[in-house]
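Paired with chain B in one complex and with chain C in the other, chain A is shared by the two complexes that follow.
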Partner chain A sequence: MTSPALAVSSPVSAPKPAGFKSLMTKYRVPLSILALCLLPWLLPSKALAVNVLINGVVAVGYNLLFGYTGLLSFGHAAFVGTGAYITGIAIGQFGVPWYLAVLMGVLGGGLLAFVMGALSTRTRGIYFSMVTLALAQLVYYVALQTPSWTGGENGLRGFTVNKINLFGFDINFLDPVNKYYVLMVFAALALWLVSRILNSPFGAAIEAIRENERRARTCGYNVERTKLLSFTLSGTICALGGTMSALHLAFVPLDSLHYLSSGMIVMMTLLGGASSFFGPFIGALVFLVMEDVFSLWTSHWQIIVGTIFVLFVLFLPKGIWGTFLTKVMR
Partner chain B sequence: MDTELILMQLFSGVALGAILVITALGLSIIFGMLGVVNFAHGALFMVGAYAGLWVASLTGSFWWGLLVAPIMIGMFGMLIEYFLIRPLYGRSIDDPLLLTFGLSYILVEGVRIVFGSDGIPFPTPTLLTGVVDLGVGFFPIYRIFVVGVVFLVVVLLWLGLEKTKFGLIVRAGARDPTMMKVLGVDISKVWLLVFGLGVGLASLGGVLSGPMRSVNPEMGALVLAEAFVVTVIGGLGSLVGSIIAGLLVGVVISMTALFAPEMATIVMFALMAIVLLIRPQGLFGKLA
Partner chain C sequence: MNAPLLAVNDIGVRFGGFVALQGVTTEFRPGRVTSIIGPNGAGKSTFFNVLSGVLTPSSGSIRFKGDDLKGTKQHEFVHRGIARSYQITNIFPDLSVHENVRVAAQASRSRYNIWTNRNRFTELDAKADAALESVGLVAKRDETAKFLAHGQQRALEIAIALISNPEVLLLDEPTAGMGPEETKEMVALLEKLAAERTILLVEHKMKMILGLSDRILVLHHGRLIADGTPHDIQTDPEVRRVYLGQNDGYA
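Moving on to the complex of A and B:
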């Protein structure tokens, strides 16, 4: 985990070079919101845009842990899925209003992240990935074995949200454009939150741990607690993505909890570029557009996506946005 | 609940555990030597099962499948190490993990293209069908055979590692690869062989498990999670740990299946969580 050479070459609080990069960093939240406003009109379908929005939030939340704290979790589908399931169950079985259901989903997913984080951050290095994967599979099998709550193998249905009441206005939630812009408010909130976290002293602390855990410990940071907090925050934002997908699909597939879904989040993040603010969102966009295009050609689109991912790990480990920043914009 | 049923279930747990042992051993050997966690291990287990089925149907004999498939897939594993994992040495320890995860996608989809998405039954060889009366109850012959094969492989592996010159180099290389290079050993050849060996063990596990269940492209996903649980409980890189934890997990799963079937898959993860709370480095692991 600790690589002294790496730590020397990239000090954590280096003065940012002026120009394109610093402008992008300074205005990253308004810029992303602008891009998100335009997104549905640039993509072939509104459904795809909603998908990009949801997976973008998940990837950005995930990247707080993977890209900025340097912890490779293979269990984040558990938080996405739990957020979605709690929202669905709250609406479908208890008739809770949608905004409360969203809040419950986010808090529930965050609580699970806290528990899983408390267990998994006790381990070091490569163990962490294996333990997060195994703990997430535990959540998967619990959902599989409690069909009266979760619908088991068939997934959770029966909680369609038709309209959303906002400030006295009834918004038709079945209209894809309305749906996109309502969900975009959540996405904007998540992006602002992540940006705020990264600008805080805590944001510097997690990057210090990523660069050199031993040095961060020597400097007096409580590494375990910082990791756990990062894990919990990251899981909470992923849970928000999950509740968004529940509202969007009115369905929670059991597979949303499987570790292959976690792997999908990892792939999106790496494809776009971990440890950059825009990277994960761009990764989600590229991944889903690829899926959209390739699945028209062949039902075996996963082999193409898998190959592209392997090539990225081998030759472009910084992802699309990271490579663009280092190669083109230096 | 009579003792005969409990004994039979206990034995079927040992047979299940034997498969876990051989799969987790492959994972652990690769990690101990190369420092790589092979996320494609489950997919290679599955590819091994298909290769065994393919060779068996080609030659008309299960035995050829059992013998040839692990060697074939082991050599395929060497190609993976040479072309895909070797360029990643010296980079972040996460990179080989990410790469093998992507590879598992390719392997699963590749098998779907060649053999179809549906499960295929893997016939038990006629010699090994039926049950045998051991005095305390009737036990399926095939499961006894699986336990026997795994026992044999573990003994061979132990002899190979402890009593041969190659084993000495492997053990020394796991301790200090730089020193081995200084002493004039071409360590990259050892890495190649060890990766092939680990993958071969996974695919042997796949072939052996074939007749106990049907073969399908998704079977590797659960196996990977199980192998992780076993290596986390036993301690990554510890061979003794893999063996004991594998048998433990197998027995715990099948005993739970007897008393509370819906808890069977959940209980091993709970076991792992407990071990993590008490001994984060695993039962036989050393602190990093």
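Moving on to the complex of A and C:
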């Protein structure tokens, strides 16, 4: 049964708008990496730049699930924290080389994401958010109750990476500039990977699910399995952010698993703009700079940041970068 | 050509104590247009939901090309060859018109590939454009779907359903909410489609149904009360009593 109407293939190639915005989209990975290269020289401190780098990776990874698949998770701190803890424990207690420890942290966080995803993606809407929150708190309490592994309330210490060896060169990892550029390689990899995923057929499938789950299912997409894959990939990238933070701080605070950390990831993503690739990174940047600046004035800096966040949600729902792309770069 | 394409046997659907469908047995042969009519709440949409896998019937079986569809998940129906549209427009609102159809075409080509650039699948682009052409939406290809007129959105949904080249196409009130002009265009489109595939149609517009259908099924309170040609149905006393009698305006 072939349909004559469909068999006629007459591709109509309409000219695509070649504006600044589409150029930005096409070259989003090299442009992002360029921005990352310049970042430490534009910010007041190198430590802040490393922080932006780490949280930017986490937010971009989170946005794969939130902005592109349309699932609001309140539990992504679990993957960031788990990545960090595994890396710290592997280095501190087992003497694993740092790069293997990073790999273990990423895979471990990804595995946890797969399990949490398998449980949570069966539910929808607010129930999904609540299940992710509850499961992440479970991870938090496991870390709290196993101080011999995690250091409990005091956090995990004792795994400082002083020096790393890259292609025969010893690099002093305590030097902030070196540290930044080493970690930037991981961030660049993560951005490239996310961009690749978004460009792929799978990227189209998750967007279809975000837009209309029922229609996507009717079109023949296995919605549950697609959501689970998105959840796992998103959690894996967040775990990479976690391992980066463990290397950076040589410390894993218990708070990194707390639901407030999950909330912060959501805030950064929304602030920068969940509808764009690089938006969450901008969100992390602005959030951390605001924290840096306002905490000099007052210890209640969260009041100011919270107010700005609410204003953004109400009046600029596309976030800083999303609004910039649609309004300014039209 | 005479084997039934789709056959349902003693289908029943219950929602708690409410019986939505009861003892429905019928079959659909290839290449025909069958309309399903009945007053509101007769079970038409429930019947469609059973045929498209949205609902699992409480009892009875569905066979498609001889295979029992028991345990087949909803997303697998389209891969088997049964596609549908919905009563309330069901498209991807924020995607472009072209991407709406392209992503639907992609479902039978690549679902979990996270690595290849989706633009590499050029045959999907061509397929999507051809489908848009067949429903008259080529000119709107780069517009965002939510900005289309209502009738165009309905046509887009049909293009989405058609892209898998289904053997059976289920259309749930394709002209719902349309004015006379748009309805006329939709009828022309359905006539074109009817020439080349098996169509099941739920509709309220009697004139349109009588003109398009080879066969009409009448549901009432979840039971099949009549089955025949448009002429049979028009003269069936039972149908006149339960259905046409209440809706003189349509007849």
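Keep this in mind: the second predicted complex is superposed on the first by the 313 of 330 C-alpha atoms of A that agree within 3 Å, B and C clash if a C-alpha of one lies under 4 Å from a C-alpha of the other, contacts with A are read in each partner's own complex, and residues count from 1 in each chain.
In this text, a residue touches a chain if its C-beta (ideal position, glycine included) is under 8 Å from a C-beta of that chain, and two chains touch if they have at least 3 such contacts.
Every value quoted in this text rests on a predicted model; they were computed, and no experiment measured them.
> Counting only touches as set out at the top, which of chain B and chain C does A:313 meet: first, second, both, neither?
After superposition on chain A, A:313 lies in contact with chain B alone.
> Counting only touches as set out at the top, which of chain B and chain C does A:100 meet: first, second, both, neither?
neither
> Counting only touches as set out at the top, which of chain B and chain C does A:293 meet: first, second, both, neither?
neither
> With the two complexes superposed on chain A, say which partner A:174 touches: chain B (first), chain C (second), both, or neither.
neither
> Going by the contact definition given at the top, which residues of chain A touch chain B in one complex and chain C in the other?
Common interface on chain A, chain B vs chain C: 1, 3.
> For a test of understanding, state which residues of chain A touch chain B in their complex under the given definition.
Spelled out, the residues of chain A in touch with chain B are 1, 3, 72, 74, 119-120, 122-127, 129-131, 133-135, 137-138, 141-142, 144-145, 258-260, 263, 266-267, 270, 300, 302-303, 305-307, 309-310, 313-314, 317.
> In their shared complex, at which residues does chain C touch chain A?
Residues in contact with chain A: 30, 52, 73-79, 83-84, 86, 90-95, 99, 102-104, 106-119, 121, 125-127, 129-134, 138, 141-142, 160-165, 167, 192-193, 196-197.
> Please name which positions on chain B make contact with chain A in the complex.
Chain B reaches chain A through residues 31, 35, 37, 84, 87-88, 91-95, 97-99, 101-106, 108-110, 112-113, 221, 224-225, 228-229, 231-232, 236, 262-263, 265-266, 269-270, 272-273, 276-277, 280, 288.
> In their complex, what parts of chain A are in touch with chain C?
1-12, 14, 16, 196-197, 199-205, 207-208, 211-212, 214-223, 225-226, 229, 233
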